[in-house]
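The structure's right below; bear with me while I get my questions together.
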Amino acid sequence: MKKPLVGILMGSDSDYEVMVQAAEALRSFEVEFEMIVTSAHRSPERTAEYAGTAAERGIRVLIVGAGAAAHLAGVVASETTLPIIGVPIDSSCLKGMDALLATVQMPAGIPVATMAIGKAGARNAGLFAVQILAGSDERLAQAMRQSRQTMAEGVAEKSDRLQQRLIADGLM
Amino acid sequence: MKKPLVGILMGSDSDYEVMVQAAEALRSFEVEFEMIVTSAHRSPERTAEYAGTAAERGIRVLIVGAGAAAHLAGVVASETTLPIIGVPIDSSCLKGMDALLATVQMPAGIPVATMAIGKAGARNAGLFAVQILAGSDERLAQAMRQSRQTMAEGVAEKSDRLQQRLIADGLM
Amino acid sequence: MKKPLVGILMGSDSDYEVMVQAAEALRSFEVEFEMIVTSAHRSPERTAEYAGTAAERGIRVLIVGAGAAAHLAGVVASETTLPIIGVPIDSSCLKGMDALLATVQMPAGIPVATMAIGKAGARNAGLFAVQILAGSDERLAQAMRQSRQTMAEGVAEKSDRLQQRLIADGLM
Amino acid sequence: MKKPLVGILMGSDSDYEVMVQAAEALRSFEVEFEMIVTSAHRSPERTAEYAGTAAERGIRVLIVGAGAAAHLAGVVASETTLPIIGVPIDSSCLKGMDALLATVQMPAGIPVATMAIGKAGARNAGLFAVQILAGSDERLAQAMRQSRQTMAEGVAEKSDRLQQRLIADGLM
Amino acid sequence: MKKPLVGILMGSDSDYEVMVQAAEALRSFEVEFEMIVTSAHRSPERTAEYAGTAAERGIRVLIVGAGAAAHLAGVVASETTLPIIGVPIDSSCLKGMDALLATVQMPAGIPVATMAIGKAGARNAGLFAVQILAGSDERLAQAMRQSRQTMAEGVAEKSDRLQQRLIADGLM
Amino acid sequence: MKKPLVGILMGSDSDYEVMVQAAEALRSFEVEFEMIVTSAHRSPERTAEYAGTAAERGIRVLIVGAGAAAHLAGVVASETTLPIIGVPIDSSCLKGMDALLATVQMPAGIPVATMAIGKAGARNAGLFAVQILAGSDERLAQAMRQSRQTMAEGVAEKSDRLQQRLIADGLM
Amino acid sequence: MKKPLVGILMGSDSDYEVMVQAAEALRSFEVEFEMIVTSAHRSPERTAEYAGTAAERGIRVLIVGAGAAAHLAGVVASETTLPIIGVPIDSSCLKGMDALLATVQMPAGIPVATMAIGKAGARNAGLFAVQILAGSDERLAQAMRQSRQTMAEGVAEKSDRLQQRLIADGLM
Amino acid sequence: MKKPLVGILMGSDSDYEVMVQAAEALRSFEVEFEMIVTSAHRSPERTAEYAGTAAERGIRVLIVGAGAAAHLAGVVASETTLPIIGVPIDSSCLKGMDALLATVQMPAGIPVATMAIGKAGARNAGLFAVQILAGSDERLAQAMRQSRQTMAEGVAEKSDRLQQRLIADGLM
């Protein structure tokens, strides 16, 4: 088994449904990852320990998802100089706006690379980790370029299928 | 010199103008305090060290001010079981809304008692610390009740002065 | 029967589902409480009477939940010098943002210690009341420290269970 | 001296600049008013006393301005069945959004007729009080209708002057 | 059949579920009303015609509900000097925030007395209309005072029933 | 088959339910249109190609719907001088507020005519395209005027039916 | 003197500084316009009269700017089938968010083509009017295409000048 | 002269004051960069050309700042698989909230790593670019770790200086 290059952290196991999108994106590029639950507030030592030792264990990028007063990505960022990607999660009644602001509005000095709220953001976190790794891995760089082309073709196919729907609805 | 009962923390020395309101409130009740700068992100060890040892040094309440992605109060709260009072500070272009949400929307398990954004909140943080301490200090309890009466009288005096202003403006 | 140390107030009986979280938190620390419905607007005398006599009946902390233009915590705070903990409740179409601002943005002089919107906030209100009482009750202080340790262990257990889920989803 | 028909209340004398707009509107219709400072939180008894006796002293409408967690209008409304007109004041860093929500989102049972934030709202509060009184005072009703006509003529005059400005700017 | 004193207008028949709350409030005080659908945008002449003739037909107050870019209350207010009560309706994906701002932020000169978003606001609009009419109708004034007392008693009864619920949940 | 005058673009086929409202509005005025899926981000070349050649293929107006960070309308606008109508779509947890701001806040130089969020906006986009085309097509101008009259009559009919509902509910 | 093709309306003469941007945009394309002040609320008859007769006087497009509860564009749109371009103006303490929502969230049936808040929006309103007129005026179409090219060249020039600034700042 | 590894793009030269923070951060780590002005909307070809050729010219990371409907980062991201760091700029009356949402809410497939609004975000964009490059450059990794230590020491020094200020203010 190969050593993971990416760590995926989440503040609560209820964030799994969202954060699994990051895992799937990494898996589709055959990038090894590990995934753990740790909380900025409920398990601060565990969080500091994990973040502080990630680099020496070979981790290259950390993806961190959290909701509400989402401090986890910032706290992890304070313990390591690895690139941190933050995913705000919509888990309070404020629809993720709290998590977005708590993740993105980091003070000068400690960046958190913030993605969109929720599943789209988690998937993009996985892709962005691949883009970072691709800087020194030509296989990944090429796979990413290929993936973009596939995406563009998928759009054209969806557009073609839309014509059938217009006909079915009597609009063409 | 008596040992401080309240610690006032702020994420940046630029927060002093706001947080000094808490100090003045404590001073007016003759409650000893200490005040330090420490950042959740730029000095995580210093923050954890301070929060983790505050109780054993005799601190009874911590007041924590921070702006933007204001993680400091939550991070301090994760390192101690002392009551934490959070003051969101208006130091980004979002006018303190980011700091408010990042301070107040704490997950179940680790409370932060959040005050209003800015100077009113900092002053109230000082007063709330006094109210907590007053639970086991009858001198403080009585001083707080007295202070409320003085406040009420001040309102009536301001109202009286308003009549002069109405006359000056030709409205009475 | 022991006398209650904490009073839990709510503006409407429809807030019970949220505020019962505070009751359960207090119960888990064996702190006696009482719970009543009273409205800032529909029963102002009842509210003033309750708040004005709470201290002399031995109440040490008041937890107040309300939604929409949530005035109840502020009104209660104006009638007593006991520490008031406010819980904004998501009961209008504005998703609790109205209740949050109406609870937290108190003017200088009368603090309300505001918790997160909804159930997490209500649970934290109960915990924060325990933290206040723990200032002069070593049994509570120790129980709170123990509870934090249990929480941290719970996070690690959840993380372990997550690995099974990754395997089940074919991601590990 | 005639007895006042309208009471103008404000939570702080710093609200005078805004609330004087209401006074001027009433004055322009020769409606007698009184103006006092009283706070929902700092002087609750004074507020309840004033609101509870206003009707018997001949007051017919109350105009109430407050900022931040603007509880004053709601608190006054809970103590009387006179019509209450609320004016949210922009006196915190949230630009009056807090005052607006705390004033307008009243629960079913106790209405507060809310005006726009700030000076426009205060002026309209005065006009709305006149509209209420005009329901049983034909002089006021006629004066209000006349005032509308004057306003419409003022718009046309401003439009005429605009043409000069366009010419001055070389655009006509 | 007595002539209606209050007109209830709504921009769309889909607003009926909300606006019927105003009708029920008026009915409970035996105040006659009429209710019509008219749109600021889809039927501007009908709206102007209705608003412009309401006073002479004996209408004393108009209650106007609308959602989204809720112009109806303002447009009606521009055509009459009767008091206009606006009810913002949550009928777009912005949860009534659009309707609230479009109703309440009226420019100086033309007030709209704005209530809370949705059903609570519609009910309060009915009650506020009664409060206006009560200014010259002692029967209504007395009924309104009586209604407040009944409300306060209702709160106490709900509080009593809450105790049963606490026992059932094993918390008392 | 006549050549289309209007192109309807959407960023994802999941936007069809919303954007079909534009198609139906155009169809009701017998205006020919075409509808395609293309993404600002996933298929940038396809988007530039379509937008850049639309005018020469006889397209006169483009209607563009997109959600979240809705860049599509702006990107299309940058590639053609045809009038672009943007429809923000509610497809993220921020309820379309993100799409609204990303569509409407275009910098000086490249306008996007923005409609309401969601289905109402899509329908209005179709109607606005007709209004643009009607500037040089008297048949369309007359049909649009006729359609307005039908709308106004529909409002009156809905109002009549409302009276039945009031009677059924025992309110008349 | 040629007859104006575009009418620019604003709710108050204080909106001139913003709306003159639309005039300047039209002037730069040699499109004749007229500009008037009229208010949805203060001069409803004037507004309806102007809007209702604009088409027959040869006006082809209306540009409408208003702030706060910005009803003017919607009210004008209800009186004509000409294309209406709305410009939200930042003239209240809510920074134009109120004007934006009141302008853009129009109900299905009556579109208002909304531009960005403030000066950028006013300039774009002028440009969008040109784009509409260009549909049947090849001179305008060509001038608009030319203008786009000039804009692109301007960007490259600004970029060149930026290099000097970097050198001056010691960064290159 | 060494070839640049980072490209800094901005939508307007008025964004320079903000984006120069990114340049200074890169300079302090001796990372070569280039800086250009290009607009998503005013110069789409220039933007596509720059983004599409950046990788082959040796650029490893792109930092993109834009305000209002900030499409530039997303548009650049659609033309390259290099990592894109987005900086929302506060250049409209909505205080950067529009730029934040338009930058961060990217759809699944095309990530933009979003930083805080304004100068803090621009500085962090520079630091995050260094963190990405440090993944394959041990000199940078070590410099970044050293920089963190210096930051932590700076916090302690600021805290020491604060004590003088407290004494000067008579609070210690």
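As written, the chains take the letters A, B, C, D, E, F, G and H, and residue 1 is the first residue of each chain.
Assume contacts are C-beta pairs under 8 Å (C-beta built on N, C-alpha and C of every residue); 3 or more make two chains touch, one makes a residue touch a chain.
All of these numbers come straight from a predicted model, not from anything done at the bench.
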{"item": "Number of hops, chain F to chain G, where each hop joins two touching chains", "value": "1"}
{"item": "For chain B and chain C, chains touching each", "value": "A, D"}
{"item": "Identity of the chain that, by mean CA position, is farthest from chain E", "value": "H"}
{"item": "Same vs different contact residues, chain A with chain H, by half of numbers used", "value": "same"}
{"item": "Between chain G and chain C, distance of the C-alpha-averaged centres to the nearest whole Å", "value": "51"}
{"item": "Averaged-CA centre spacing for the pair chain G and chain E, given as whole angstrom", "value": "36"}
{"item": "Centre distance in Å when chain G and chain H are each reduced to the mean of their C-alpha atoms", "value": "33"}
{"item": "Residues of chain B engaged with two or more neighbouring chains", "value": "12, 39, 42, 68-69, 92, 94-95, 97, 104-107, 109-110, 116-117, 120, 148, 151"}
{"item": "Pairwise chain contacts, counting only pairs that touch as defined", "value": "A-B, A-C, A-F, A-H, B-C, B-D, B-H, C-D, C-E, D-E, D-G, E-F, E-G, F-G, F-H, G-H"}
{"item": "Of all residues in chain B, those that touch chain D in their complex", "value": "90, 95-97, 116-118, 120, 148, 151-152, 154-156, 158-159, 161-163, 165-166, 169, 171"}
{"item": "Residue ranges of chain H touching chain F (in the complex, touch as defined)", "value": "11-12, 39-42, 44, 48, 67-71, 74-75, 77-79, 92, 94, 97-98, 101-107, 109-110"}
{"item": "Chain C to chain B touching residues, read off their complex", "value": "21, 60-61, 81-83, 85, 100, 104-111, 113-117, 119-120, 123-125, 127-128, 131-136, 141, 144-145, 148, 151"}
{"item": "Chain E-touching residues of chain C, taken from the complex the two chains share", "value": "12-13, 16, 20, 23-24, 27, 35-39, 42-46, 68-69, 92-95"}
